[in-house]
Amino acid sequence: MKVRVGINGYGTIGKRVACAVAAQDDMELIGVTKTRPSYEARLASAEGHPLYVAQQEQAAAFEKDGLKVEGTLEDLLSRVDIIVDATPGGVGEIYKDLYEKAGVKAIFQGGEEHGLAGVSFNAYANYKEAWGAKFARVVSCNTTGLVRTLFPLDKIIGIEKVSATIVRRGADPGDSKGSALNSLEPSLKLPTHHGPDVQTIMPWIGITTMAVKTPTTLMHMHCIIADLKKETKERDVLDVWNNVPRVRMVSGKHGIRGTANIMDYAKDLNRKRGDFMEIAVWQDGVRVVGNTLYYYQAVHQESDVVPENIDCIRAMMKLEPDAMRSIQKTDKSLGIGK
Amino acid sequence: MKVRVGINGYGTIGKRVACAVAAQDDMELIGVTKTRPSYEARLASAEGHPLYVAQQEQAAAFEKDGLKVEGTLEDLLSRVDIIVDATPGGVGEIYKDLYEKAGVKAIFQGGEEHGLAGVSFNAYANYKEAWGAKFARVVSCNTTGLVRTLFPLDKIIGIEKVSATIVRRGADPGDSKGSALNSLEPSLKLPTHHGPDVQTIMPWIGITTMAVKTPTTLMHMHCIIADLKKETKERDVLDVWNNVPRVRMVSGKHGIRGTANIMDYAKDLNRKRGDFMEIAVWQDGVRVVGNTLYYYQAVHQESDVVPENIDCIRAMMKLEPDAMRSIQKTDKSLGIGK
Amino acid sequence: MKVRVGINGYGTIGKRVACAVAAQDDMELIGVTKTRPSYEARLASAEGHPLYVAQQEQAAAFEKDGLKVEGTLEDLLSRVDIIVDATPGGVGEIYKDLYEKAGVKAIFQGGEEHGLAGVSFNAYANYKEAWGAKFARVVSCNTTGLVRTLFPLDKIIGIEKVSATIVRRGADPGDSKGSALNSLEPSLKLPTHHGPDVQTIMPWIGITTMAVKTPTTLMHMHCIIADLKKETKERDVLDVWNNVPRVRMVSGKHGIRGTANIMDYAKDLNRKRGDFMEIAVWQDGVRVVGNTLYYYQAVHQESDVVPENIDCIRAMMKLEPDAMRSIQKTDKSLGIGK
Amino acid sequence: MKVRVGINGYGTIGKRVACAVAAQDDMELIGVTKTRPSYEARLASAEGHPLYVAQQEQAAAFEKDGLKVEGTLEDLLSRVDIIVDATPGGVGEIYKDLYEKAGVKAIFQGGEEHGLAGVSFNAYANYKEAWGAKFARVVSCNTTGLVRTLFPLDKIIGIEKVSATIVRRGADPGDSKGSALNSLEPSLKLPTHHGPDVQTIMPWIGITTMAVKTPTTLMHMHCIIADLKKETKERDVLDVWNNVPRVRMVSGKHGIRGTANIMDYAKDLNRKRGDFMEIAVWQDGVRVVGNTLYYYQAVHQESDVVPENIDCIRAMMKLEPDAMRSIQKTDKSLGIGK
């Protein structure tokens, strides 16, 4: 029998997780919640995702626009085994009691505090920690990106300590709030929260981070400096990443000069929404000097956590005991591959 | 027997036309040319599109990168009935003799002069003019956009004259030349070429245009003022566009505030590369005051001409005598629809 | 005796008007209000502008930062003859009663409704309408720009009707709210408010406007199409503008390709803050076809209304009966000139 | 007698150095060279800077535009003691022989190689190295920025090693070449040239750098991590910078959130062209954890090297033996100060 999944919040992350759940043979998408009859609500409907409203009083606006509403969030909770909370950052906390009362498991996103769920999740790094858990939290896009390359590097070569500068995109493509239009804005509270967030998954790692916001919309860029535990060749580092899932090499020599080219490339790859769910590492931007490794990676903030949510469902619902088997199943269903 | 099609130039337009040709049941994609083994060449290869080089001496670089080359442009020309020239603007002119010598028909893009082909093409407006033609030219993205909404408006309601301001995207998403980063740049040669270019298809129409370049990458925006031949209601204008192909209404009320939202919406529609091949008209931005109609439309410069190229092949190769039947066949194959 | 002037609100417009008032020999800047001890408050202090707070309870924060506060807005009102309200759009309305109660005249900015003041002001077009007025409103940056070129054109050549597309900057340089980062956003409510606002000064003119917001910060760009009452040569149009104040020709041939170049040019002119208070018209972008005139102009949204505020004070305070003499006095003091 | 100075190249740097030379009481600006009669040439003329052309044949175009030409570069060289080469990067090398032949000293900019001049210059760090030199090179904007904060830090507290990520502006404000419009582009050649360039002035320092280009125009942002030789308090670090020239603290608490706010602030400071010639360090973005110091600084690429050029002239011409006295004299003349 398939696991019944609901999605609370059908925005940038929610709509992607919904499609990903619908693509799994061991899961069934029962419904998604939406608060307004926006074009995204219409698309949910067109995709065949049953629509629920957060509050009963929102239903009228949907019906006026000819969109069928299946019930409220409470109705949805009564019909699912697990809910993926994809509400805006900090809102998930408010819903936790409701999920608990309804007796459903819940996955929160990286906008919530680690403490809310108790388990912070990355499929390759700590799949087992979410095994059978009632609550878990899939870490943010940036943390997912850092863990994807640092965890295997630490496991195989060994990391002494890490410094990373996060050159952030200012807003998502369709977001009209934006950042300043022609400005570079530093995150003044130092070190930024990204380092401690990596430590929710790799508590032993020494890592400090800085961050600057830029007026772009496509991807975050990480400039990473890692002091390794031993002398290493660039080739060895590339070997590590070539053998782990969800890390993909790109090359300036082949015309991938920046984040815009990666997004163009992703469109050509013909995946749903043109998403690039892997972390993109520039192979000609990897350099080792002595024990110190320098590299650049780009993170598609809209999608890299999507496959992690799927694996997290599998771990929490005890669908597949082997992490790599879950990862491979997810990746195959979403068209992710080397 | 299927018409054998080649593509000369596998860039923004060429790669899209190649995929569109491959999706037709009355056409066969024989091959595409590429000058360098870039990531796009790799994708052509991965998509199963046979690779040719423009010049023999380019082949070595491809082979060094493990990419199979089927021959030169001349070899490709000897194997096709028709070639789609998708080389950069002004370059098509150089190749015309070669196409003629090889005895293949050729479609040029809007970057070439009207005189080069003698026929300028828009499927809905003048399909028959390309019937059996040796050469034709699919007009540019902006001209295609203007003709798509103005031609039916003129046919059904009647247009006295048109003024349009083209608010241009500065560069394509993956293009690193770009325009000035934080500047608005007017096209000082007035009126701009867009008006006369519309007249290559609608020679009777009075139209003048201005243009401003902006530092964005997604779509062009047209601000159009049309003096109509009679008093009209907004509803009547919307009716016209609701009944013609490749025009699609969008709405600010549903959250489509600008070009970034259209591109997000297109991704959700799950089309190849997230392309939006229709012209997007804001239905809540259509206004008639007296005899004067005001409206905004957005043009996806990377893709709106793609279905026109397919129909143009059908007209030149006499595959389908009825314009609307060709259009519908093309649109169905590409997932375009109301 | 000098007219005593206060400024309520020391932001983008307020700080510029304050400096301009301080540069006049017939005015005295009594003080400016500020709500927070920001870097702009420090600069006011450094410039020698006495600081007042809007509310008494705000004073503590200033004093904590070592900034001397001279009193509250009410104290300021008791010490001035006229107040320039440079508070955010719509806020001036709230203060009107307070100004009236204090018996001081007040100038509002273009963010307020015409009805609030009863008189909408442009120095060249209708100086006399503000003569001795209790309240007046200096129209917005865009309206000021349109009136500066259209009013003399209508007076000397005659205008039948005007269509204008306003290609807007998305936010001011230091503003972090911004517009969408990589999007073009149309103003869907048509015609936009710009046309009716021009009519508060030129009620006889037929004008309709459209507008598109772009992710730039420097200047607005106007694309204007004017049907003239008679056939005219481009030279005659240029003559008109060469003989009116606060319109300045720029040229693509001399390297002024867009708004960024104008701003660079303004810096080189060595004016306070690098402001460009004139309307910039591209002389090589002026074109007449038959009776129709096309032209591009750029508007520095931060500063073009500044000299208008000075002249408005002079008219309301009956300091100078002749408009042109006031304009010339103002322009000389601010370094504006042909 | 005043030192006679010429400027070869009147672009972004050249025009600023010209004004700075003209503001010194121990120097005389003999002339500047320009290749085209652009608006900048007009301004040079309006500022009273005598105009020379690089090649005789360029003179006609100037005269046609009514601009007086005083002679060629060779004529200029025959009239000066020292020439500041502000030609585009890599071009200075071509001119060196000409300068040598004419027997004039020459200052090159950071776009040239260290080896061309033999001496790389920063006024505070190594004024004496340029004493009486025939050739010297003022290091680039970014290197100047790094040396300004690192040199005193190393001298007073001691630096073990430095890692810096340079978040670069993509193009200057008036530059229309630009970088990609909506992309982040890493410098793949690692470590970038910035580190070795710092070592031309501080050869003993261990420093490695990475860089990312962003679509902004205003300033570069440096994210710096310095391992210090001893435990230090943030207050001690701020003390170091508060006591050296050309470093200025800014504060997010006072509303300076990013580079756009610094540029706004600079305009308010009422300096020539709104330039910010100091390095801006965020005082609330300075953090020490153990022995490791983190800080952000912003560099105004158009102007930070301007005062360095003035001091370099003084050292090479033996006008002032004391570095600090030269720096103070320069800063006073340009309005730079704490």
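Note that the chains take the letters A, B, C and D in the order they are written out, and that residue 1 is the start of every chain.
Everything that follows uses one rule, which is that a contact is a pair of C-beta atoms (placed from the backbone, for glycine too) under 8 Å apart; a residue touches a chain by one contact, two chains touch by 3 or more.
Since the model is a prediction, treat every value here as computed from it, not as a measurement.
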Original post:
Looking at B-C and B-D, which one has the bigger number of contacting C-beta pairs?
Top reply: B-C
Subject >> Maximum centroid distance from subunit A, chain identifier (CA atoms) >> reply: C
**OP:** Let me have the rounded angstrom distance from the C-alpha centre of subunit A over to the C-alpha centre of subunit B, please.
**Re:** 35
**OP:** Mind checking the centre-to-centre distance between subunit B and subunit D? Centres are C-alpha means, answer in whole Å.
**Re:** 47
Original post:
Any idea how many Å lie between the Cα centroids of subunit B and subunit C?
Top reply: 42
**OP:** Please list all residues of subunit D that touch 2 or more other chains.
**Re:** 173-174, 176, 180-183, 185, 215-217, 257-258, 260-261
**OP:** Mind listing the subunit A positions that touch subunit B in their complex?
**Re:** 15, 37-40, 42-43, 173-174, 176, 181-182, 217, 250-251, 254-258, 260-261, 263-265, 267-270, 272-274
**OP:** Would you pull the subunit C residues touching subunit A in the complex into a rising list?
**Re:** 170-171, 173-183, 185, 215-217
Original post:
Which part of subunit A faces subunit D closely enough to touch in the complex?
Top reply: 163, 165, 167, 169, 180-186, 188, 190-191, 208, 210, 212-219, 221, 223, 225, 252, 257-261, 282, 284-287, 289, 292, 294, 296, 298
